[in-house]
Amino acid sequence: MKFLQESDLPAFLEHLSAEANVIAPTDVEGLVQFRPWTAGTDVELDTLLSRQSAKEFIFPQWEPFLKYRYLMVCDAKRPGTAEEAKLELRLTDEGEGGGEVVAVSDPPAHELVMVGAEDSATPQVIFGLRPCDARGFVQMDRVFGGYGGFYFDPYYNSRRSLATLLVVTCHQPRSTCFCRGVGGGPAGSEGADALFTRIPDGFVAKALTTKGAKALEFPGFVDASEAAAHAAEEAKAAAEEMVSVPFELEGLREALRASFESVDWRELSRRCISCGTCTYVCPNCYCFNVTDEAVETQGERLRCWDNCFNPSYTLEASGHNPRDVKSNRFRNRFNHKFWYYPEKYDSLLCSGCGRCITYCPTRIDIREVLGVMGSGVAESDAAPSGRSESAAVGEAAVGEAAVGEAALGEKAAGDGEESA
Amino acid sequence: MTDELRPEQGGQEEVDCSSGKNTLTLADVEALASIPRAGTRSGNPYLPEMATVVEIIQETPNVKSFRVRFSDEEVMERFTFEPGQVGQLGIYGVGESTFAINSSSSNKDYLQFSVMQAGEVTTALHQLSVGDKVGVRAPMGRPFPVREWKGKNLLFIMGGIGSAALRATVLHCLEHRADYGDVTILYGARTPVDLTFGYDIEEWQSRNDVQTVVTVDAEFPGWEGRVGFVPTVLEELAPGPVDTMAVLCGPPIMIKFCLQVLERLQFADEQVYTTLEKRMKCGIGICGRCNVGPKYVCVDGPVFTMAELRELPDEL
Amino acid sequence: MSDRQEIIRELAREALAEGRVDYFLGWGQGYDASQNIPVFVREVTDVDRLQWNPLCHHNLTVFLKRKMPDPPDARIGVCVKGCDSRTLVALLQEGLVDRDRLYIVGVPCDGVVDRRKIDREFTGEVIGIEFTGDKVLARTAQGDSKEFDRTSLLLDQCGGCHYPNPRVADDIAGDTVPEPEGEPQWPSLAEFEALSPGDKAATLAAAFSTCIRCFACIHVCPVCYCWDQCVNRSRTPALVSQRVEKGENLMFQLVHMFHVAGRCPSCGACDRACPVEIPLYLLHEKMNKELYDMLRFEAGVDLEGKPVLQAFSLDDPFGEG
């Protein structure tokens, strides 16, 4: 265990910035957001959670895959085409072959030049992540890393492999935190290259990987005293007690499978406005769109964040849309995170940060949704007369999540989905 | 869009096209053409391989088949795929769409994709000329298990443009005819004008080791062949289920009724195969869009058995 | 105020018991005692979930727009405050909702409290907000608490509101409140309008550099009616790029603004929905001020009227008065 004085934090970040871009939570017009850090910027660690996650630094909101340009090259430089009469201009339209030809232009000659997207990955150090933020990366690593023999995403992985994640454990979890309910915790180390815990005059830090050890080579780190190490352990334990476990994880996947047609999805999604806020603030939602944008003869193919609440997300060219109904899109997000993704990648796709609850315009509560759907009671499509009861159950579960009520002993019994 | 793509002025003689829009020097063109391009062989599955359109066949009023060759000869030579696999055919500046590779997997001259004009990308594809450049990302997806089918009877049921999804598989099985038992091809379309691959149908009908039945939905002037909806004709043909694999593709309504017929004919769900379509983007199981429940059509499919489909939630 | 709550509950109870509506839309408590959410009540036994207090900020008419009613032909009871009712009038003016399928409960409003103003007063997490008379007591999970005057916490737009009483309603939940006389006020604009053009541009650029294109503003706006086919998502025409940068983000918002111009009463739902707190309300208020200055028009006030940009008259008072 090492110790860093609070006052040495800027020097530590300065040291790191010699070889990497440093990203840290900072105040941006009153909101705490991860931003590139420069000397003199205050690091905002009093606020528990940044407004958005830090995923944009490994998985940017948009990035070009390739750029292209059509060159107009004279005919002499280019092989002829079969359709030479393509640009005949006719005065009248008298059917096939009719009308007088008044001009003939050379067929347009398009040479296409494609330039692969630059690999712009540079080393990054993201300091000030919370355990749920870091865990989000670990969860996304599966899909982008080709887990199970699928494809490997070079864009994500080039950034990910050059990123060092320095996690600061949580001193004061929010009432909306439920990391413990998904196999994590306010002192969780999954994904962390080094784990920091804040104590009154500084940080107790521990390297967990070689990257983390390298980061901690800054001379300001000294061996932590016993008192300091003890204070850190107490802080972590205190934080653990503040996070409750609001729904049962065991059997959740099967319950979701059984509840696919349940009318409860319609009830739970009533106040959803089908925007993308929850998806975009989430540390591990990753669905994206690929789109070509061109201005005249040149352009780029971009990848950009998308979200399954987008009404046209699954819209097919025929006009058919399998998820035309809002409650079906709503259902898809929860199923993706707690059934489909775990089934494919042996990992949940939620780290319990609770941002989706706090920033949803109508405060849809994922804990309530999973509490209701995970109860294993699938309603038929009749009038939901039992709905009030399950709503009460959901709300009671949420009520129990009030900060300060100990929920110890309710270790989330994952069905093999999570390894600590 | 960005300054880095603007050509530098000066150099050797100006090469100017008639519109005068882009003015480049020869040096520019040569320099740009020599920039190495990343392709799928480079480990980046998002980057297409450049290909050239070598032939376009108007199959029906709204369906064209595009035969494309990879610009890189080595890529063309080394390219292989399994019947039932798909590819993303795209135009730079417009986008990509997923189509079955429906040339035979033994064809080393070109890849064929058949495109029905429906949306933005397919409309742009329909405006291509021979010699134009396209991007291809292929092969993708799970193929039909043609080796597992050895020794079995095969029943191909195709409706309209659904034939495109099965053509490569039909060709493979006919090329390896001795590996299979009875082979029946049932192909129907709304009208004779909507039948694709006329050149294939003639050949299949001329073979005496294949039962080829072509039908149209209703009487049509000049049509001397069979008349009847595909499910109806299927029921009339009444193929036996023993040691038989049924492979179907076509409009949803056709599939729905054919499945009912196959059930009446005692086909088990494991004996019935189909191939699905969905809105796709990455095509490589990452972007999260094309899922039916926990399965991605682009990597877990597009080929599925009915048994597998029954396990999936109803969101086709 | 608690009277209004009782009246709302009673009206809901009757409407549901008599089968006049399939469900009733009101406000209620969210995941803790400081959160307010839209509440859908189907059963008479659930009407006690309905609340009325200065936290009831949602514009519930958003759930009337296309593709929102479930089932599509549902008969819906809906509570509307003054500003909410103006968006409902705008929807009715254009025939976008079916009046016959609505049971409108108008709720005269004394102003809505700005949750963000309360949050800024604490470093901890606010988990409870209570109202007693004109006092507001807020407490945090950390045990802090503070008392405020309600009037000091109101949303900025409530200070300039001229239409606190509903413009359309079947029943009214209690007594109406006094309506301010005189010209409309635009309380939030003075500071922005005093900036030089360069500073205005810089302010907007800074504000929109944080936009994440979540579409919350578009989807939560009741008069943003094409929400599921929004031109901001379109490729043909492509008005905005998927490059999420401040220029494109501002264009995105301008498209939204100009499409709702003439129907937006600056209810501020967009502003409150924005997860990164972009001052969207400011833009819409500015737009409405310009419309008023040019055409003496205020959106959603006259049920018999038409949105000003959808109608033309030779008597249109350009720049007069």
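By letter and in written order, the chains are A, B and C; residue numbering begins at 1 in each of them.
Rule of thumb we're sticking to: a residue touches a chain if its C-beta (ideal position, glycine included) is under 8 Å from a C-beta of that chain, and two chains touch if they have at least 3 such contacts.
Bear in mind the structure is a predicted one, so any value in this text is a computation, not a measurement.
Common neighbours of chain B and chain C, listed by label, are A. The chain pair with more C-beta contacts between its two chains, of A-B and A-C, is A-B. Chain nearest the geometric middle of the protein is A, using mean C-alpha positions.
Note: the chain lying farthest from chain B is C, by mean C-alpha position. Spacing of chain B relative to chain C, judged by their CA centroids, is 49 angstrom. Inter-chain spacing, taken between the CA centroids of chain A and chain B, is 33 Å. Averaged Cα coordinates give chain A a centre that lies 29 Å from the centre of chain C. With touch defined as above, residues shared between interfaces to two or more other chains in chain C number as follows: 235.
The residues of chain A that reach two or more other chains are 289, 291, 293, listed in rising order. The multi-chain contact residues of chain B, meaning those touching 2 or more other chains, are 120. By the touch criterion stated above, chain A contacts chain C in their complex at residues 28-31, 33, 46, 48, 51-52, 61-62, 172, 174-176, 266-267, 270-271, 273-277, 279-281, 289, 291, 293, 302, 304-305, 307, 310-312, 326-327, 357, 359, 361-363, 365, 367-368, 384-385, 387-388, 391, 398, 402-404. On chain B, the positions that touch chain A within their shared complex are 1-2, 5, 15-19, 21-22, 24, 29, 32-33, 35-38, 43-47, 50, 90-97, 118-122, 129-133, 135, 277-279, 281-282, 284-294, 299, 313-316.
On the chain A side of its complex with chain B, the touching residues are 65-74, 77, 79-83, 86, 105-107, 109-116, 143-144, 150-155, 257, 260-261, 286-301, 303, 306, 308, 313-318, 322-323, 328, 332, 335-336, 339-340, 343-344.
Of all residues in chain C, only 30-32, 35, 37-40, 42-43, 45-46, 58, 62-63, 67-68, 70, 120, 123-125, 127, 141-142, 206, 210, 212-216, 218-220, 227-229, 233, 235, 238, 241-244, 272-273, 275-277 touch chain A in the complex they form.
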